[in-house]
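Below is a structure I'd like to ask you about.
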Amino acid sequence: MDENAILLVHCPDRKGLVARLTGFIFDHGGNIVRLDQYSSPENRFFMRVEWELKGFALDRAALTGALPGLAAELGISYELFFTSERLRMAVLVSRQDHCLFDLLLRRRSGEIDVDIPAVLGNHEDLRDVAAMFGVPFHFFPVGADAAEQERQLLEVLERERIDFVVLARYMRILSPAFVARYPRRIINVHHSFLPAFSGAKPYHQAYARGVKVIGATSHFVTEDLDDGPIIEQETIKISHQDGVEDLTMKGRDLERKVLAQAVQLYVEHRLFVDGRRTIIF
Amino acid sequence: MDENAILLVHCPDRKGLVARLTGFIFDHGGNIVRLDQYSSPENRFFMRVEWELKGFALDRAALTGALPGLAAELGISYELFFTSERLRMAVLVSRQDHCLFDLLLRRRSGEIDVDIPAVLGNHEDLRDVAAMFGVPFHFFPVGADAAEQERQLLEVLERERIDFVVLARYMRILSPAFVARYPRRIINVHHSFLPAFSGAKPYHQAYARGVKVIGATSHFVTEDLDDGPIIEQETIKISHQDGVEDLTMKGRDLERKVLAQAVQLYVEHRLFVDGRRTIIF
Amino acid sequence: MDENAILLVHCPDRKGLVARLTGFIFDHGGNIVRLDQYSSPENRFFMRVEWELKGFALDRAALTGALPGLAAELGISYELFFTSERLRMAVLVSRQDHCLFDLLLRRRSGEIDVDIPAVLGNHEDLRDVAAMFGVPFHFFPVGADAAEQERQLLEVLERERIDFVVLARYMRILSPAFVARYPRRIINVHHSFLPAFSGAKPYHQAYARGVKVIGATSHFVTEDLDDGPIIEQETIKISHQDGVEDLTMKGRDLERKVLAQAVQLYVEHRLFVDGRRTIIF
Amino acid sequence: MDENAILLVHCPDRKGLVARLTGFIFDHGGNIVRLDQYSSPENRFFMRVEWELKGFALDRAALTGALPGLAAELGISYELFFTSERLRMAVLVSRQDHCLFDLLLRRRSGEIDVDIPAVLGNHEDLRDVAAMFGVPFHFFPVGADAAEQERQLLEVLERERIDFVVLARYMRILSPAFVARYPRRIINVHHSFLPAFSGAKPYHQAYARGVKVIGATSHFVTEDLDDGPIIEQETIKISHQDGVEDLTMKGRDLERKVLAQAVQLYVEHRLFVDGRRTIIF
């Protein structure tokens, strides 16, 4: 596969942005393979454009050097990615294995094009799962000093040059300081259709309330528990015959799906955050 | 279609209930066409059995007379219905027409086998809709004394021998006294997947929160707003491109569907209430 | 609402199309409100761009006059629409009313922004339905000479300056000559998930096959029965308890939904045909 | 968990079957935990009843001995199972790993309560996957004499006392003789919503036809390819942006789900076959 460039742009909306940006690409001989654009009711402009570097007049370094000037001229914020540069993802886990298995399997099949250099657990239960796929497992036992643990955790993330962090049913709350180190770069899965049943034991809550639908939600982690921008949600119908155990089992499929989808979107640079909302191209 | 009897039974679970009840039907020559049974984790027993009166040794009066003795012997609570006796439903509305239209159309096509002798509105907007289908419309203007209005409302319901009441996007809260007059016999549709976004303007709430799924819920009305036993829920995926108006439009299809489904289940005597949960056969 | 222009472009893919087309709009002071673009694996380019006429340097006539030159220069095919010009839709029906009711209701609520100047039936059953909404009904009885009937049908369509035709459970096959008069402008709903169960009595076929899912499909009509480009499909799960009558009833909701969605997309100029496939923006 | 007995009954419908069968259980002191019953439009009777052996007057041997007499008296066909006797499942595979992984993981988590004593492949690709979960892998290379291979395959199945066989994306057609050895005991997953796109390369067929929904189907294997009684079907919406590769990837999730669901139903004895249809309790 040939290499593409991906440019993400966000800024206040104004006339001519698409024309100027696509004009820049065209003037240097670039062939656009996909362009998505959205203007919010609050007049924010979002654009993702992907083009082939083959035949493009600027190489990666030249392109990287040329963009700041263009951005200043147009008054835009941007991020630039290359499809040849695979992101590095860390997975934080506790005792449940289904989300971790799912991510490792999708990585294995090539469905999600990402590197997974580290799994970090606050229990040892999933050491074997990581080992099955040859991924190093780091153990940070529950009960130790939380601040000290997060310090060590961050050390691993930095040493492994982690781009983003996935909480695959990680049952511990991260400190605001930790979250601030990876802004919009920590993805969690919550086992309910948020905002319903946030917090602990959502399947128990769902059973008690007698809902006829359960769900799962993947979202960015912010300082506020279960309150970050939502990336993906799935639901499934249930009946009075489903006890808490059935809900837990049926919900697993949803959890896997929304988490995998969120990781996929992140890895392909198709995700913007706009306040409490996400834009997905 | 020949006439069937439908017996709904609920009581503490114990051995032999199915055998004794089906034995009673069999001993009188009844042919069971459908039987559903459920025992809850809390040891409550629920059963719905429907059998043909043709060939059954007891006529309606004799059957009605025989059941209290059997019930006392077995220690069960029960309700008895006959498929030949169509229920009478009143519809309360405000200004939105989609749910009212939907119910009137399903009645017209025979999809829902119910009588609709009255539509009652606190606005005059839907008088014409009722008229299109030849249903009398009663107007109880907003702004009048609420208690006095409910008294008049009840008068109509009683005069029309209403079996159950449907709130088809009725935007006024009924008093506890009113609800107590029709226990488990008032069905509402709320335009969110409860318990999320209860109360006012759920589509605005959903937009503000940035959810990726919206829903609708039909439920029995209790004293607590939007908190009664849930009958049916449906969801649909949305995207960042959907504004509040789009959510409102997309949600209408869900509202129609969950309300029609709830009415259908009620009319066919397939609904039990078990605390905050519904059992649906 | 202010007036917008909508330009649909399709042609062989090549570099610079987006840049040139958006450049044209920008150079005349146009503010783009939405842009969608897609390049197919077969190297076809599709684009839909919508911009505000307010502040645009060309008025409708000048814009209409300027486009042929630009199109020739770029080698593109295009269509130009204005949001102020509401399309005119004819609905062909037989005896089933649910799709006709649905379209008339969505028109009534403003959900679908279209004119419906004529309903044409080969049975008289739905004359009353059209009358309820004040739409003229034209009757073309079954049994008459088919060719002569189509001639008269076309006469009505032309007299009413119909832009596109919707078959709302119309149970007669149109001749190739008729179809050729409205290429890609006739939309049908078929009551199965095509290509399964094409032809007659799909719910009977579905029951006989014992499927666990039924569906409905809206598609453009071509010379080949049930084989035109698919616009929208919906499915619903069923169980062994559902007889043919249940399937028919449950399917109605799907039919309504896929047909309404297709009409919506058509009316908003968000539909392209690419061989046997549709592109939907 | 205490042991339960499960009795599956099918026969021509007639009065009193439920009463007699539940009476038999009650007379011996059995506590019914779940009862499902269905009478088909073709007057076939199906019933599944599960009761606790604790407190039941007959032990397993006595119950097994008593049933033939009761069955002869009532004119019913039946099967008797005990929840303590876990079924033994063989999995046949080729090169794709996602369905095999899914089954092994659900077995591992206890979600599906089954023994998997053998994986049999006509390629060696998945030997490692079986090994990861400690399951013996048997290799029957493509290219060898087919009849001889099936003979060896059957030998393994018999030696391992296999109760039922699952084809987890096994890409070879089994002979009628083989199928006849495991009637209604071979479950396949086909990667389309049957009857659409039976045979080879269904995702390619789906792409070419331009459908907006894809699906997957689990079904019993009969002599006729992709034509056996359907157990479960799932669908997912797709768009014009999805190429064959995207369909293949999205379809995998559906394949896993419908196959796991079919295995679950089989293992819990909740599946009847009625001609070309399945009854699912």
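Points to keep in mind about this one:
Going in written order, the chains are labelled A, B, C and D, and every chain counts its residues from 1.
Rule of thumb we're sticking to: a residue touches a chain if its C-beta (ideal position, glycine included) is under 8 Å from a C-beta of that chain, and two chains touch if they have at least 3 such contacts.
Keep in mind that this is a model prediction, so the values were computed, not measured.
In terms of C-beta pairs in contact, the better-connected of the chain pairs C-D and A-C is C-D.
For chain D, the chain whose average C-alpha position is most distant is C. In terms of their C-alpha centroids, the spacing between chain A and chain C amounts to 37 Å.
The centroid of the Cα atoms in chain C and the matching centroid in chain D are 42 Å apart. Residue positions of chain B touching 2 or more other chains: there are none.
Here chain D touches chain C in the complex through residues 38, 40-41, 193-197, 208-213, 215, 229-235, 237, 239-241, 243, 274-280, going by the rule given at the top. Those residues of chain C that touch chain B in the shared complex are 97-98, 101, 105, 109, 111, 132, 249, 252-253, 257. Touching chain C in their complex are the following residues of chain A: 15-16, 18-20, 22-23, 25-27, 29-37, 39.
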